[in-house]
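Here is the structure we will look at.
Think of it as A, B, C, D and E in the order they're written, each chain with its own count starting at 1.
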Amino acid sequence: MTPVLEARGLEIAYGNARAVDGVDLEVRQGEIVALVGESGCGKSSLARALVGLVRPTRGEIRHLGTPLDYRRLKEYRRHVQLILQDPGGALNPRQTVHAAVAEGPRLHGLKGDRVTSALARAGLRPPEDYLRRYPHELSGGQQQRVVIAGALALEPSVIVADEPVASLDASVRGEILKLILGLRDELGMSALVVSHDLGLAWNIADRVAVMYLGRIVETGTVEEVLIRPRHPYTRAMLAAASGTATPLQGEPPDPARIPPGCRFHPRCASRTDECGSIDPPVRAGVACHLASLHLTPLEEIS
Amino acid sequence: QDTTLRVKMSGSGVDTLNPFLAFFNGALDIFGTIYPSLNSLDENGKPGPYLATEWTQGPDQLTWTFKLREGLKWSDGRPITAEDAAWTLELIRTDSVAGTANGSLVSNFERVTAPDPTTLVIKTKKPQANVMYVSIPISGIPIVPKHVWEPHVKELKDYKNDAFPVVGYGPWTLTDHRPEQYARFDANKGFVLGAPGFDHLVQQSFKESDAAVAALRSGQLDYINGVNPTQFTALKADSSLLAVQEVGNGWTGIELNPGARTRSGKPIGTGHPALREQVVRDAIALAIDKPTLVTKVINGLGQLGHGYLPPAWPQWSWKPAPEEEHVFDPAKANQLLDAAGYTKGADGVRVDPKSGKPLAFRLGTHSDDSADAAISTYLVGWLEAIGVKLTIQPLSMSALNSDLAKGDWDILMDGWTTGPDPTYLLGIQTCATLPKDDGTGGNTEAYYCDKDYDALFERQLTTADPAERATIVAEMQRTLYKANVDQILYYANTLDVARTDTVKGIVTGTPNADGLHPAQTAFWSYLKAAPPTATKAGAPGGSGGGTAVWLGLGALVIVAVGGTLVLRRRKTAGDRE
Amino acid sequence: MSSASTGTAVRGFGRHLAEKLAAAVVSFFVTLVIGFVIFSLMPADPVRTLTRGRPTSEAQLAQLRLQLGLDDPLWQRFLTFVGDTLRGELGYSWQFQQQVSTLVAERLGPTLLLMGTSAAVSVALGLWLGMRSGWRQGSVFDRITSGASLTLWSVPTFWLGMILLVAFSIPGLLPAGGMSDPSLPTTDVLDVARHLVLPCLTMVLVIFAQYVTVMRSSIIDERGAAYLLTARAKGLTDADVRRRHAAPNALLPSVTMIFMHLGTLVSGAITVEAVYSWPGLGYLTYQALKIPDLPLLQGTFIIFSASVIIMNLLADLAYRFLDPRVRAQ
Amino acid sequence: MRSLLWGVGVLAAFAVLALTAPLYIGDADLNVVKVTGPQLSPPVAGYPLGTDQAGRSVLLLVIWGARESLAIGLIATALTVVLGSAVGLLAGHYQGALGKALMHVTDWFIALPSLPLAISLSAVLGQGAASITIAIAVTSWTATARLVRAQTLAVEARPFIERARVLGAGNAQVMLRHVLPNVLPLILVSSTLTVASAILSEATLTFLGLGDPTSVTWGSMLQAAFSGGAVTAGAWWYLLPPGVAILIVVLGFTLTGRAVEHLLDPRRAAHA
Amino acid sequence: MLEVRDLNVSYGPAQAVRGVSFELDRGQTLGVAGESGCGKSTMALSLLRLLPDTAHVTGRVLFEGEDLLTARWARLRAVRWNAASVVFQGAMSALNPVRTVGDQICEPILLHERVSVKAARRRAAELLDAVGVPARRARDYPHEFSGGQRQRIMIAMALACRPDLIVADEPTTALDVMVQAQILRLLGDLVRESGIGVIMISHDLAVLAQMCERLAVMYAGRIVETGPARELIADPRHPYTRALARAFPTIGDPASRLAPEGLPGDPPRIADLGGGCAFAPRCASADAACRTRSVELWPSGRDRAAACLRVLEGEAS
C-alpha cells in the first residue's frame, strides 16, 4: 500500500545549518506516527516541509505516491493539513470562529456548510455557541479545537500536528489527544504528530520515529521503540523522561556543526572509537552500528 | 567708555563684502559707509561733494571732469587719489566679473582717466546727464583703494574682502563682520563730511521685524530703519521711542500685461488679450479705491500713488492735474466697459467681444509680501464690482519674475524703489528693454513700448540742465500714467524707530507740513546720530548688571535642582522600595 | 563557543557595516538626483530676481546668465553638479557669489550648536521625564509630564518662538536674537550661551515631547519584564531597578527613533532660526529657495540628506552597540 | 477613557463649527471690501475676539479657517496613509527583491529634507492648499510606510499567517484578510497623529510663505498676523486664537489617537 | 523556617490565591503542582512581596518568625535574595538581556555583602563552575547561552548569597526533556549538599515527583491536596490530582496505551468562581453538595490532606 505521506531523502538547510539532513519517513493510511526528539533537532522543519511551507533543499515529498508539485500547492494542501503548537497564535485575533473555520473551504471554493459539522466533530458542541466568538474568548483547549476544526473542514487525508498539546494545560491535553485518536478511528485520517514528549507517543501513536540532529535515528512501532529502544539516544530520552538514569551529558547539538561519523557519538555513553568515523544508515529501523548491543530492554522500564 | 550705535541691518543682509559682486541691500549699505564715492547726496537727494568737490560737463557733452579733494587718506594711511577712482571705474567697465553688480552704470563710459591725483576725467560714448549719480553712496559705485584691490583682480570672483579692518574711507571703518549676524564699525573721527557722533557702529541682522522691535524695546538695538505700519503705530505710542516717517522712495502698484512681445514685435506668452485694450486698463484704474488701500493696508502711513517716480525725490516727482486723475469711480468704469461692448455674462463677469473670453485675469502676487496679500484681496472685491474676475496666484519672487519674462501673466503686483537718479527706472519702460526673440536680454518692466516715450527718454539722458530734465521726466510720467500699464497705488512712507534714551539726531532734514522727514539718503542718519547727553549712555541694563542677574538666576536654578534632588533622595530612601 | 562566535560576530559586523555603508552611499546619490531634478523643475528666473531693484544692462544680464551657467543644457548642468559633488565641491552660489562650501561651512557651526544643544537637552530631558512617568504610569507626575509634553508638541514652533521671544527678551538678560552680542570685542562663551537660551528653549519645548513619548512607552513595555522581577527579588531598590535594569533596556527602542529624529532636525530648524535670527543653515536654505539659488540649494540639500542618512547609519550602529543580542549577529 | 472623550469632543466641536460655518458666515464677513469693522481692534461687542487689519472678525476667521486647515490635514493624511500603508504592506509581505526595493525607495524619501522639498514642490505646482497637501504627503508617507512594514513583519511572523497559507491562502488573501486587519488599528492610530502633524506642517509652510496668503487658514492667519506686526502691536487677540485653535485640534487628534491606541492594545483586547 | 498562614491574594475582584497555608523547614523540599493560572506563581511571589501593586495580599508569611508581609521595605530588601532567593520561570526573560551574566550574578553579592568587586567576581565564577557553566563565560550576555545554560545561570544566581530558602518557579518548563533532567539533578544535588529549603513549582507532577519530598496540588487558588510526593502520585485522593497524574502516562503502562485521559471542561476562570468546590464543574463524581458546600483541606491519611467531600465521606479513591 502506498503511504499517504512520504518523505524521501529530505534535506532542509538554513544557510549552512542542515536542520533536516536526509530524512525518510512515511505515514500510512489510517496511521498515527509520532515524531519525537529533543528541541532543535529539526522536527518542526520537517513538519513544515511536509505541508509545503518550507522547500526542502534536497529530497522529495510524496502524497499517495505522487511527488509534491510546488506549483500546485493549494490542491495538495486540501489533503495535507497542519496544526500548530500554539492555538492562540494560530488563530487570527480579528477573525471569528466561523471565519476561521470557513476560511479553508472558502479558499478552496468548497460548497455547503462545513463549518458546523467540523466544529461538532472537533468537539465544540453545540457549534452555534462558538460561531460568533473571537479567539480570546475561548480557552486554550477550545482554541486548539477550532484550529483542528479548520483543518477538518477541508477533509484532509493527513494531518501534520506540530506539538499540538505542548502549550495546553495538562488536564486539557488528554482531551485533545483523544480527539486526534478519535478522528483516526472515525474518519480513517492519518496523522503525523510531532512532539518532544514520549508519553504522547505512548498515548496515541501507532509508530514512533525518533529524530536526532536532522536525522531519524530510530523508527518502529510504539511498543518496539519505547519498550525496547535500541538506539542509545532513544534510551537516553526514555531514561530522562522517567528521571531514573543519568541524563545525557553535553549541550544540545548544533545543526550548523554536525559532528563527523555518527552524529550522536559525542554525547553517546557507549560510543567506541569507530563511531567517530562511521555515519550509520538506518538499518532495520535504527541508525546505530552498535544497535545490536543495546537490544535488551531497559530494565528500569517495567 | 566708548559709545556704540546699534542698528538693525537693512533688508536681506549681506551677500558678499566684495563691492563688485554684491546685490543685497545690507551689503550696499555697508559699502556706502566704508567706501567713498565721487559724490554724496545731500539731505534732499541732490548730488553733493564727497571725494569730488566740483564736477563739470565739457562742451562736447561727452567729457566730465571731477575735481577731487587733496589730503584724504585710506584707513591704512595711503592717500586717496583720482587714480583710485579711475582704476575702480575702469575695472568695472572693462572686466566682466567686476561689472557683475554695477556694469550698467558705466556702460556708456568710453574711458576714465586720472591725469593728476586730483583730477578725474570721464569720457562718455554718448552724452549723459547723470554722471554725478554714478558714484554715490549705496546706490552708486563705491571707490575702492587700488593698492589693495589690484592684486586680487585675477581672482576677483572668489575674493571675499574679509581682511578686517577693511581698508577704505568713509564715516566708518568696517572692523568685523559675521555673515547673518552683524557688522561692526569704528568711527572715522576725521571724516571729511563731519565726525560721527558715536565711536562705534554695529549693524545687527534680524530676520523677523518683530524680533528686531523686541530687541529695540529691550535695549539690544538703538535704531530700526524700516518697521511696518502696524508696528509703527504701536511704537509711536511709546514715549521712550522716537518714531518718524520719511517720504517714501518707492511705490507699490500693479502692472497690466499690455500684450507681451519681443523687440521684433512677436507676441509671446499667455497674457489676456483684453488687457491690451486701453479702455479695460482705464476701467480697472477707475475701479481701484486707492485711498482705502492707503488707510487700510498701510494705516495711512503713505501717500496716494500717482506718478512713476516716488516723492522722496522731489526733483522728479509728478502729480496729474485734477482733470487727468483717475479717481475711484466704479460707475464710470462700468460705463466705459459697457460702452466698449464688454457685456456681463450670466455669472456677472464681462466677456471680451473680440476673443469671446471672459474678463477673468490672473493676479500674481509676491507670496512673501504681506502687503501684496492684503492689497490683492481688496482688488478682487473692487474689480468684481465692475464685472472683472481676478484669481490670485501667490508666487515666489523668482517664479513671478520667470512668468514676467515669459509673458505668462495678466496682472502682477509690482513695486520699485529707486535712488535719486531716475534713469534706470525710466529706462525699463523703453522698447529697447523688450526681450530678444530668443527670450533673453529683456529687463522690461511691463512690456510697455511707446515711440514717443522712447524719444523723451533719449532727450532727458542728454539734458544737462536739471530743471529742463525734470520737465521731460514729468512728461514721461504723464505718458505712463495715461497708458495705465503701471498703476501706482501708493508710496509707503519709510518708518523708522529709535530709542530716545540712547540716541538722538538719527533723522536729518526738516519735516514737511505733514511731519514727514525727507528720505534719509546715504550715511547721514548714522553720521549725525549721537549719544543724547555728554554722560556716556551705556546700554540700558548693560551687560554688567545683566550678568549679575544672570548669575543670580543660574544660582537659583542650581539650588532648586539640588534641593529637589536631595529631597527626592530622602524620600526614595524611605518607604516604598 | 564564545570565542568562535565572537570571531564570526566581528566578521558579520564588518559585513553588515559595509552593506549599510553601501546602501547609505546609494541613498545619498539617489537623493541628490531627486533633489537636482526637483530643484531644476522650479520655475525661476534667478538673474532677474538677483538684479531686481538694481540698474542692470542687457550685457550684464547676459554675462550673469553665462556666469551662472544658466544657458547650459540641463544634462550638462547635472554632469557638472555630479562632478563637483564627487570632488567634494559644492559649486558657486548665485546670490552670495561665493563658494557654496564656504557658505555652508560658515552656517553649519551655528546650526550644529543650536541643534546639538537642543537635541542634547531635549533628549536628556525627554528620556528622563519619559522614564519617570512611564515607570509610574498614571501617577500625577506622569499625567503632568504627558499632558505638558503633548500640549507643547501641538504648538506650532514659530508661534511658540515668537511668544517666548516677546515674553522673555529681557533687557540685559536674554537677547531677542542673534548668536552673540556684536558690541563685545570678542566672542564670549557666556554671551553665546545667553543668546542660545531662547531658541534652544523653543526647540526643546517642541521636540522633547517626542522623546518623552517614546521613552515612556518603552518603559511601560519593559515594566512587566521578568528580569525586573529578578532585580527586585535581589533586593534592589525601586530606583535602582529602574536605573540599572529598566532604563538600559527601554533605551533600545528609543535610540533608533531618536537618531532618526535628529537627522531631520537640521532641516526642521528654519522657523526657529528665522524667529531668532540665528545665523544657521536653515535660514540659508530658505534664502536659497527664494531665488532659487540652485548650487546653494544643492549644497544645503546635501547636508540635510547626509545628516539624515548618517544619523540612520548611526542609529543602526548605536542599536547594535547597545543591544548585545544584535551586536553578535 | 477621559482623554478619548476630550479628544473626540474637541474634534467633533470643530468639525461641526467648520461644516456649518457657511450658514452663519457670509461674504460680508470675509470679504475685505465689504467688512465694516474697526481695524485691528481688541475684543469689543460684536467682535468677541477682536478684528484683523482689514476689520474682519477674528472669531469668524478662526472658524472659517478650520475648514481649510482641517481639510488640508485630513486630505494630506489620507494620501499619506494610503501611500504609506500600501508601500509598507507590500514591503513587509514581499521580503524578497520587491520588499528590499520598496524599503530603499522609502529610505531615499526619508533622507529628503521636507521643508526644501515642500518649497520646491509648491514652486512647481503653484502655491496654495493643493501643493501644501501634496508636499506634506510626499514627505510624511515614509514614516507610515516604515511603521506599517514593521508591523506587517510582526504580523507575518505570527503563526496564523502560516495556518492561512496551509489552508490555501495566496499572497493577496494573506495581505488583505490577515495582515491588513491586524495592521489597521495601528494605521488608524498613526493617522490621527499624522493629521496632527499635517495641520502643524500646514501652518508652518504657510507661515514660511508657501500657502495662499489670501485664503483663510490658521496658518495664513498667523502669517498675516506676524508679517503685519501684530506681535509688536500686542494684538494678542489676533495672535492667540489661530495658534490656540491649532493647539487644541492637534491635541484633540493626538489624544484621540492615543486613546484609540490604548483601546486597540492587543494586551487589553486579549483580556477583554 | 517558613510558615505561611491563610495566604490570600487578589487582583481586584479576582482571587488568585485563596487561603493557602503550609510550612517548610531547612533542607525540606515542597513541590507545588497545578495547571496554568491556578495561582502557583502568585503564591510564590507573594512570599517576598514581589507582586505588582494591583495585588492585594492578606495572611501571614513568617520567615524565621518575622512576618514578611508587614515588614518594612528596607528589612524586606535585606531578606530578599540574601535569605530567600527565587529561580524564575523562563530564564531567558528573567535575565537582563543587556547585562553580562557575571554582572548579574555579582549584583546581589555586592548589594548584600560587604565584599570587593573582585571577590564577588570570584564567587560568581565559582558559582558558574558549580552549575556546570564555564566560568570564563561570565562576560557573555544571556542570549549567548542555551536555554539549559541560562537556567543554570539562574540557579547560580539564586545561590549567590547562600540563601536559606529558594523558591523555584517552574525552573524547567521551557526546557527540553534532556536538559530538564540535568537541571533537576543539579538542583537536587544542591539541596542535599547545602540543606537549603526549596519550594518548587511546576505543572508537571512527574517533575515534582523526582525532586520533592512533599507535594501540594493547587486548583483555582487553593491547595486541594497535599502529602508525601510518592504517595500522592501513586494514590491520589482528590479527583483533580488523579486527572493530573494520569495526564502524564507511564510509558509501558498498558492502561494508558492508546487511551489518553484528560479532564473534560475548561480550567476555571478565577474571576468567576462561585461558592462550593471549584472543581465540581469538571468533576465526574461531583454531586449537588459539591456545588454548594465549601470545601477545605481535610485529613486524608497519614500526613496527608485533601479538599474533597468524598474524602470527608470516607470514599477513598
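One rule holds in what follows: contacts are C-beta pairs under 8 Å (C-beta built on N, C-alpha and C of every residue); 3 or more make two chains touch, one makes a residue touch a chain.
Predicted model only: the values in this text are computed from it and were never measured.
S.K.: Using only the chains other than subunit B, in their current positions, what clusters of touching chains do you get?
M.R.: One piece, even once subunit B is excluded.
S.K.: Among the other chains, which touch subunit B and subunit D together?
M.R.: Expected: C.
S.K.: Smallest number of touch links from subunit A to reach subunit C?
M.R.: Step count on the best path from subunit A to subunit C: 2.
S.K.: Using mean Cα positions as chain centres, tell me which chain lies farthest from subunit A.
M.R.: Between subunit A and every other chain, the largest centroid distance is to B.
S.K.: For this structure, which two chains share the highest number of contact pairs?
M.R.: So the chains sharing the most C-beta contacts are B-C.
S.K.: Identify the chain whose mean C-alpha position lies nearest to the mean of all protein C-alpha atoms shown.
M.R.: Answer by centroid distance: C.
S.K.: Report the inter-centroid distance (CA atoms only) between subunit B and subunit C in whole Å.
M.R.: Distance between chain centres: 36 Å.
S.K.: When the centre of a chain is set as the mean of its C-alpha atoms, what distance in Å lies between subunit D and subunit E?
M.R.: It comes to 53 Å between the two C-alpha centres.
S.K.: Let me have the rounded angstrom distance from the C-alpha centre of subunit C over to the C-alpha centre of subunit D, please.
M.R.: Taking the mean C-alpha position of each chain, the two centres sit 22 Å apart.
S.K.: Going through subunit E residue by residue, note those that touch at least 2 other chains and give them in order.
M.R.: Residues 77 of subunit E each touch two or more of the other chains.
S.K.: Where in subunit B do residues touch two or more other chains at once?
M.R.: If we look for residues of subunit B contacting two or more partner chains, we find 208, 210, 214, 368, 396, 398-399, 576-577.
S.K.: Hunt down the residues of subunit A that sit against at least two other chains at once, touch-wise.
M.R.: none
S.K.: Sort out for me which residues of subunit D touch subunit C in the complex.
M.R.: Interface residues on subunit D, with respect to subunit C: 104, 107-108, 110-117, 119-121, 123-124, 196, 200, 203-204, 207-208, 219, 222, 226, 231, 239, 243, 246-248, 250-251, 254-255.
S.K.: Would you tell me which residues of subunit C are touching subunit B in their complex?
M.R.: 42-46, 48-65, 67, 92, 95-99, 102-103, 106-107, 162, 165-166, 169-173, 175-184, 190-191, 194, 232, 237-239, 273-277, 279-280, 283-284, 287, 289-292
S.K.: In the complex of these two chains, what residues of subunit D are touching subunit A?
M.R.: For subunit D paired with subunit A, touching residues are 158-160, 162-170, 173, 177-178, 181-182, 266, 269-272.
S.K.: Considering only the defined contacts, which subunit E positions touch subunit C in the complex?
M.R.: Residue list for subunit E touching subunit C: 45, 48, 50, 77-82, 85-86, 88-90, 93-99, 104, 107-108, 111-112, 136-137, 140-141, 143-144, 157.
S.K.: Can you list the subunit E residues touching subunit A in their complex?
M.R.: Residues in contact with subunit A: 35-36, 146-149, 175-182, 184-185, 203-207, 209-210, 240, 243-244, 246-253, 256-264, 266-267, 282.
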